[in-house]
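The two complexes that follow have chain A in common; it is paired with chain B in the first and with chain C in the second.
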Partner chain A sequence: MTQKYRAAEKDELIWHDLDSMTLLYHRPSGITHMLADPAPAILEVMGGVPLSAIEIAERLAAGFDLESNIDTENIVLARLEELSGLGLVSRVPT
Partner chain B sequence: MNDDLPSRPSVDKDQKNGLVTRRRALMMGAVTASAVVSIKPALAQTAGSVLNCEIPVPGNHAAGGYIAPDGKVVTADTPGAFPAAGRNFTGEEVRRAMNGRTLPGTSRDQSQAYVNYIRRLQSGQSGFTCYASLQMPR
Partner chain C sequence: MSKMHQIMLKIGPAAFRIVSAWRRPLDQLTDLYKAYPAPTGETVDFTVRLEPEKPWRRFVRPSVHIGGDFWLPDAAPLPLEQGLLGAEMGMNLQMALGWRRHLLLHASSVEKDGKALVMTGQSGSGKSTLSAMLAERGWRFMGDEFALLSLDSGEIIPFPRLISLKNKAIEAMQDIASEERFGPEMKATPKGDIRHLVPPRDAIARMNKPARPALLLFPRFGHAPELRDMGQAEIFVRLTQASTNYVALGEAGFRSLTRFVDEVPVKAMDYQSIDQAEELIDGLWSELR
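On to the complex of A and B.
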């Protein structure tokens, strides 16, 4: 079954937008993360529901102008694994 | 499916009447290009080995409480809640459980409830430093 991911809960995160970066404070860990595209957009479109990489890629394509000729799903998957390692995203048991 | 997308002021949804649609361009980068730099709090230097540090479930601040499936500490008579773990879990055991395995000596649902409890730990509570150290980028 396709792995799904869920973003950290809204009340666990404090966002602060900078010019080209986003600062994200994760309350449970006390760690501040500097996020570059596409990580903030991924967390944003995830909302509070479990989604697979391909579903997130579809949401990104619906809300943003994406470069053509890129493997969006695999890039999303790589970012999800990165965010998962930091506690900002969790794998939802299947 | 897109109805539940969060609203984005930067996205001009009005494509009627010949208006130019402006959507923010999103740089996806490459699969191998990391998108996050983390600022470690001072406790990163004081945290013990992730292999050996321990997390009680629940901690002293919630002694006697049961753990609901969502990780909240509830009273013992709460339906579906699990009793205290009876032993501390090591950082390594918790790390594995967060990656889909089960905490030793627990059922799948019980393990998930305990992991949810650990995710909710706040600074100052037993096990927080251990939990935080699990998330330090290495």
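On to the complex of A and C.
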């Protein structure tokens, strides 16, 4: 079964856009994260539902102009692993 | 237990009790802080203790151990002649580690037209000397070490402690400030040669008057004069590094710092002399809305 991921609850995060990065204050940990694209976009399209990397890649493709020759799914997967290391995303038990 | 001496000091919003095994550092502090209002009441925010490193060291080659509500294990003892420096270092340490009422930025600040110029940067950037010099050139001195950013109003609260002059800055300020404003010169301290300077009278009289930050500079001494823009991400990171209590303040710290970065224009400024810096600052200041 494909691994699904869920983003941190909306009210656990405070977003703040800087010119080239996005700040994310994570209330439960009190940690400020500075995220570069595409991590903020990934969190944004995840909403509150458990999604797989493929489903997130599809949502990104629908909302953003992605280059056609890149492996979106693997890029998303790598970012999801990093985000779960930071506690901003959790793996949903299958 | 032998007798301890103590005094109380109020600098901006912070009240200190300085307790010392020796009278002399306290006499020096009392003299240098005589223009400051005495704290009202018995309560203080912090206590700083100057004590013998070992009990017998009170008399034999006396050596001052700095203690207090907050302390660092590696704070080296100082010879008694540097007790005044010890007290100042102790007060700074209490602020850096214990202050929670404002976001504390390692920065100097001066005010003109009701607006504050904030200068931050690493040791040696010249931020302290710049604030001391500008204070003699028509600006109100607000602080040479810590700028306190209000968590709700976004204003800068003054913390005009004694100006801590180092090495070459001592001579430069001796040329323009009167002798009675200076403390004793302390040679070859762990921080180099140090001499304290009492801020201008006006800075002390108005130490409870905040000002809205209007310009943030990252000065860098020793490079050909130049102003550069900086990206917001770099500014934010450097300010978190310049703050000693950003993490401790949690969400309130995040909100006040992001607001500061959003609202305050920023430049990196290289300069080789105070005159150059003043010219660059005057140019920027006249363009502010």
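Rule of thumb we're sticking to: the second predicted complex is superposed on the first by the 94 of 94 C-alpha atoms of A that agree within 3 Å, B and C clash if a C-alpha of one lies under 4 Å from a C-alpha of the other, contacts with A are read in each partner's own complex, and residues count from 1 in each chain.
Just so it is clear, a contact is a pair of C-beta atoms (placed from the backbone, for glycine too) under 8 Å apart; a residue touches a chain by one contact, two chains touch by 3 or more.
Owing to the predicted nature of the structure, the values given are computational and were not obtained by experimental measurement.
Novice: Per the contact definition in the header, classify A:Ile70: touching chain B only (first), chain C only (second), both, or neither.
Specialist: A:Ile70 contacts chain B only, not chain C.
Novice: In the superposed model, which partner reaches more residues of chain A, chain B or chain C?
Specialist: Of chain B and chain C, B contacts more residues of chain A.
Novice: Counting only touches as set out at the top, which of chain B and chain C does A:Arg27 meet: first, second, both, neither?
Specialist: both
Novice: After the superposition on A, what does A:Leu18 contact: first (chain B), second (chain C), both or neither?
Specialist: In the superposed model, A:Leu18 contacts chain C only, not chain B.
Novice: On chain A, which stretch or stretches are contacted by chain B in one complex as well as by chain C in the other?
Specialist: Chain A residues touching both partners: 27, 30, 32, 34.
Novice: Applying the document's contact rule, which stretches of chain B touch chain A when the two form their complex?
Specialist: 1-2, 4-6, 8, 11, 23-32, 34-41, 43, 98-100, 108, 112, 119-123, 131-132, 134-137
Novice: Show me the residue ranges of chain C that touch chain A in the complex, using the header's touch definition.
Specialist: The contact residues of chain C facing chain A are 231-233, 236-237, 240, 247, 250-251, 254-255, 258, 261.
Novice: Provide the residue numbers of chain A that touch chain C in the complex, in ascending order.
Specialist: Against chain C, chain A makes touches at 14, 16, 18-21, 23, 25, 27, 30, 32, 34.
Novice: Please name which positions on chain A make contact with chain B in the complex.
Specialist: Touching chain B: residues 26-39, 41, 44-45, 47, 49, 58-60, 62-67, 70-72, 74-75, 78-79, 82-83, 85-88, 90-91, 93 of chain A.
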